[in-house]
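Structures for review follow.
Here chain A shows up in two complexes: once beside chain B, once beside chain C.
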Partner chain A sequence: MGAGHGGPLGSAYVARDSVVHRLPAHVSLVAVVGFALVVVATPVRTAWAPAYAGYAVLVLAAAALARVPAARLARGLVVEVPFVVFALLLPLVARGPRVEVLGLSLSEGGLVAAGGLLAKATLSVLAATVLAATTTPQDLVRGLQRLRLPAVLVQILSFMVRYADVVTGELRRMRVARESRGFRGRGPGALRVVAGTAGALFVRSYERGERVHLAMLARGGDGRLPTGPAVAVPARAWLTGLALPLAAGAVLAAGMLGA
Partner chain B sequence: MTADPSLLVEDLAFAYPDGHQALFGVDLRVERGERVALLGPNGAGKTTLVLHLNGILTGGRGRVSVAGLPVQKRHLTEVRRRVGIVFQDPDDQLFMPTVGEDVAFGPRNLGLPEPEVAARVDEALRQVGMAGSADRPPHHLSFGQRRRVAVATVLSMHPEVLVLDEPSSNLDPAGRRELAEVLAGLPVTMLMVTHDLPYALQLCPRSVVLDGGVVVADGPTREVLADADLLAAHRLELPYGFDPRTVP
Partner chain C sequence: MCNKVARGTAPAAPAGRSLEVRVHVPDGFLDAPTSLATGALAAGAVTLALRGARRELDDRAAPLAGLTAAFVFAVQMVNFPVGAGTSGHLVGGALTAVLVGPWTAVLCMTVVLLVQAVLFADGGLTALGTNVTLLGLVAVGVGYGVFRLLVWLLPRTRTGLLAAAGAGAFLSVPAAALAFVGLFAVGGVADVSLTAVLAAMGGVHVLIGIGEALISVAVLGAVLSVRPDLVRGAAHLLRPADLATRPGLRAGETVR
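So, the complex of A and B:
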């Protein structure tokens, strides 16, 4: 989605012109998944801290190359919050040798595990945030299609991207209409009204689905979404894209050899 | 070219599965290149008739043929190429991620080779004044632009008949005029379902009034709209101050 257009899905995208933005979506996808796999495969031990620092440098370099603002990266990390809560619990509940930190008796193993969990989650979420900031939702779906994701899943995602704005628009109008007649969403009584709205939205979306299907049939549709020919990707784009996971892999290999 | 009319509907009757009968024997003949307005109050059976033209609804009495080809299951692909329906809500019609892919949806379903598909997308978008928008996502367009792209999605199939369901609804005056300019310039047979009587007069030399599932009037649009008794009998009303006899 272009600059200046928010929308529920488009808001993740940061419109810029950079090497990372120009990468074909499926190359970026492979790069991010590859990077995440390397990060996850790295052992959780104190001795491996430099490797994690290396990964952080790599993913931040990619973000800098793509000129993704730091604030955007920070916003991306919000999805990590549940992991953080879990990680913070680990040192308290894990067993084994204890250490005193600020008067709290914490498990040493738990601390290391929590650190590892946090590091892995943060690095992977950062990489995914860079991906979302440099690839439009439409291109992501197309990338998944090129990576041979089953057609039905591609279609579901594709419709989600197309209709997210339409459905949230409907929801917003229903909310405005509700509130214009004095409704305040407070207390248990409001639940009944909100449930009614959800039901109405479901029925409307279902009916829209039927109309979309009708419009497809009217143009000779048979349930498939035909797409154009795939453009060949030059080897250089693959090399550029895979630089991130390859460099991360090199860091991991160096650690293995050193250990 | 054949001498067959673009559209021939003979004695068409249809009842929905719940028993509600919508059409009671409709006859309609539209010659090649004609622009015809289909008028009538809500519930008159207009949409039911339209959905018979490309075989989405079938199974009632009577016959429909498009440029000589009967609307039957074995001809469905060709019938749907020949009859292009533009639905009322462009958000229902534009379901692909980009404008270009949506306009290409029909031609690709026809199995056309890619260079031909690309040429048709260009041509159709140019015809509706939306050239250069192929890569834009539909939801970033204005409502009027989306309506025009919806027309392009059908034009790219080179239809024999263009069927428009309430083309002027929800458009602002400028969007309404721009669409009229686009439609007036298209060299296809056109059937326009509308409540917008001035629009019918502007674009369609002939009007057909459908009410209660039958054709109750068929004639030059100006005469139909000047017949106050006819309009009153079928819940049709001209906008305040509009006199079809004084419009140039």
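So, the complex of A and C:
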């Protein structure tokens, strides 16, 4: 496991004490979604390259402020790989006027679209990686609750976050048991064995859900999760958090006026 | 379209090649109006699902759906060998719908996608609505719809049930891919010939659908043989146990 108490969900968290870490989760969430919205709203044209560079500086500054290691940011970008492949193919398959680059006939529109796609995806993934690295899963649930996510959805989410570690731990123990009995995981018979594990995992998870529900009833549960009073967030925290999307918005506005 | 790299406690993949592709749309892939429209669609559907799940699970909804979501999250990290040295992994929309009911399945997929977007940057935050629409609504809806239709048509046996679930799981994947191509046609950011996208997405996702069907049937079969009462889609197969008095037992006599 190696990730300490966080389990698989908390593996993205980087424990530090920084301005970014101290931000309330819902402020961070709003900031990152706002940043992503600004990035998505930016036109895809060659003339806008400086704006994208500006966004990159902003998000990397936030990462530096949060002291998120560069390796962590790089690992976050791995989820992007299939889209890099797609983007690399775009200039080859897109329509429109062609340009010769290194002997290849590439679509001009495709090249620009691929560049825009990569820039937008990379920037948003970086911002989301900083969010995940500075906010624990539990705080994120509280943050989403403060952002008025429907109560039942918040409860489902909080149960998932609490038990993801237990359920994946169960899965790991079943795999160790399987392999210690000589399971090699090859051939058509292996599907049945692994599927048996998954089936058992479902039965165990569902039964655990029933036990959790009964335990809640036994303790006087009424279907609501009690949470303390919401802590007031000082205006300064909002200002600090929203500095990222506001600065990005300023870059966008400057580009719009300049264009 | 999103490669799942083994992370955290993911079991090591024994097989060489793998078919781990998922449709997790990142930010900026579709234009803003399309993202907003799918976001509104997803929000509406989730609101409906919140009501529907109460019917499926009554007041146990939150813990059971939460644990099922944890199961979906965990099982998506498992590599299943699906033959010819290839392994696949589950998306799980259709399987979850057959196991716990379609409304609960929509909620579980939504929560899993939310966690993946927020905690793993996997799937864009502004594209969350799109991803919920594709993998939550379309995959679950098509998978469960086909399943119900075939359950109604096929013989009411275990084999018929598994065949129906397999067909639902198979079709759920190309259906989600088709829906993606449709969204790309409406709000794609690149001028690409649609037939090219359709051919590329279709071919790959038919293969992935076969893997999804094999895995779903195998998992469902495993659950059916241990706890058939937990499979919501198999409620019609369950008969109450035949109770009979022991021959020769007189009224009032204690059973030893």
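Following the convention adopted for this analysis, the second predicted complex is superposed on the first by the 253 of 259 C-alpha atoms of A that agree within 3 Å, B and C clash if a C-alpha of one lies under 4 Å from a C-alpha of the other, contacts with A are read in each partner's own complex, and residues count from 1 in each chain.
Note that in this section contacts are C-beta pairs under 8 Å (C-beta built on N, C-alpha and C of every residue); 3 or more make two chains touch, one makes a residue touch a chain.
All of these numbers come straight from a predicted model, not from anything done at the bench.
Colleague: Under the superposition described at the top, does placing chain B and chain C together on chain A give a clash or a fit?
Modeller: Partners fit side by side after overlay.
Colleague: Hey, is it chain B or chain C that touches more of chain A?
Modeller: Larger number of chain A residues touched: C.
Colleague: Quick check for you: in the superposed arrangement, does A:152 touch first (chain B), second (chain C), both or neither?
Modeller: Second partner only.
Colleague: Have a look at where A:138 lands relative to chain B and chain C in the superposition and call it first, second, both or neither.
Modeller: first
Colleague: Considering only touches as defined above, state whether A:69 meets chain B (first), chain C (second), both or neither.
Modeller: neither
Colleague: Once chain A of both complexes is superposed, is A:226 in touch with chain B (first), chain C (second), both, or neither?
Modeller: It touches chain B, and chain C stays clear.
Colleague: Determine, under the contact definition given at the top, whether A:50 touches first (chain B), second (chain C), both, or neither.
Modeller: In the superposed model, A:50 contacts neither chain B nor chain C.
Colleague: Once the two structures are placed together by chain A, how many degrees is the angle at chain A between chain B and chain C, based on Cα centres and rounded to a multiple of 10?
Modeller: About 70 degrees, rounded to the nearest 10.
Colleague: So in the superposed three-chain picture, is A:190 touching just chain B, just chain C, both, or none of them (first/second/both/neither)?
Modeller: A:190 sits against chain C, while chain B stays out of touch.
Colleague: For A:234, using the defined touch cut-off, is the partner it touches chain B, chain C, both, or neither? Pick first, second, both or neither.
Modeller: neither
Colleague: Is A:218 touching anything from chain B or chain C once the two structures are fitted on A? First, second, both or neither.
Modeller: In the superposition, A:218 contacts chain B only.
Colleague: Which partner does A:258 contact after superposing on A: first (chain B), second (chain C), both, neither?
Modeller: After superposition on chain A, A:258 lies in contact with neither partner.
Colleague: Could you grab the smallest C-alpha gap between chain B and chain C in the overlay, to the nearest Å?
Modeller: Checking C-alpha atoms only, chain B sits 8 Å from chain C at its nearest point.
Colleague: Just which bits of chain A does chain B share with chain C as contact spots?
Modeller: Touching chain B and chain C on chain A: residues 1, 7, 158-159, 161-163, 166, 208, 212, 216, 225.
Colleague: Looking at the complex, which residues from chain B come into contact with chain A?
Modeller: 51, 54, 56, 77, 80-81, 83-85, 87, 89, 91-98, 101, 104-106, 108-110, 114, 117, 136-140, 153-154, 157
Colleague: For a test of understanding, state which residues of chain A touch chain C in their complex under the given definition.
Modeller: 1, 3, 7-9, 11-12, 29, 32-33, 36-37, 39-41, 44, 76, 78-83, 86, 90, 93-96, 107, 109-110, 113-114, 116-117, 119-121, 123-125, 128-129, 131-132, 137, 140, 144, 150, 152-153, 155-164, 166-172, 175, 184-188, 190-192, 194-203, 205-206, 208-210, 212-213, 216, 223, 225
Colleague: Residue numbers of chain A touching chain B in their complex, please.
Modeller: Those in contact with chain B are residues 1-2, 5, 7, 138, 141-142, 158-159, 161-163, 165-166, 208, 211-212, 214-222, 225-229.
Colleague: Which residues of chain C touch chain A once you look at their complex with the stated criterion?
Modeller: 1-3, 5, 7-9, 11, 14-15, 21, 24, 26-29, 32, 35, 46-47, 50, 53, 59-71, 73-75, 77-83, 85, 90, 99-100, 107-108, 110-112, 114-115, 117-122, 124-126, 189-193, 196, 214-215, 218-223, 226-227, 230
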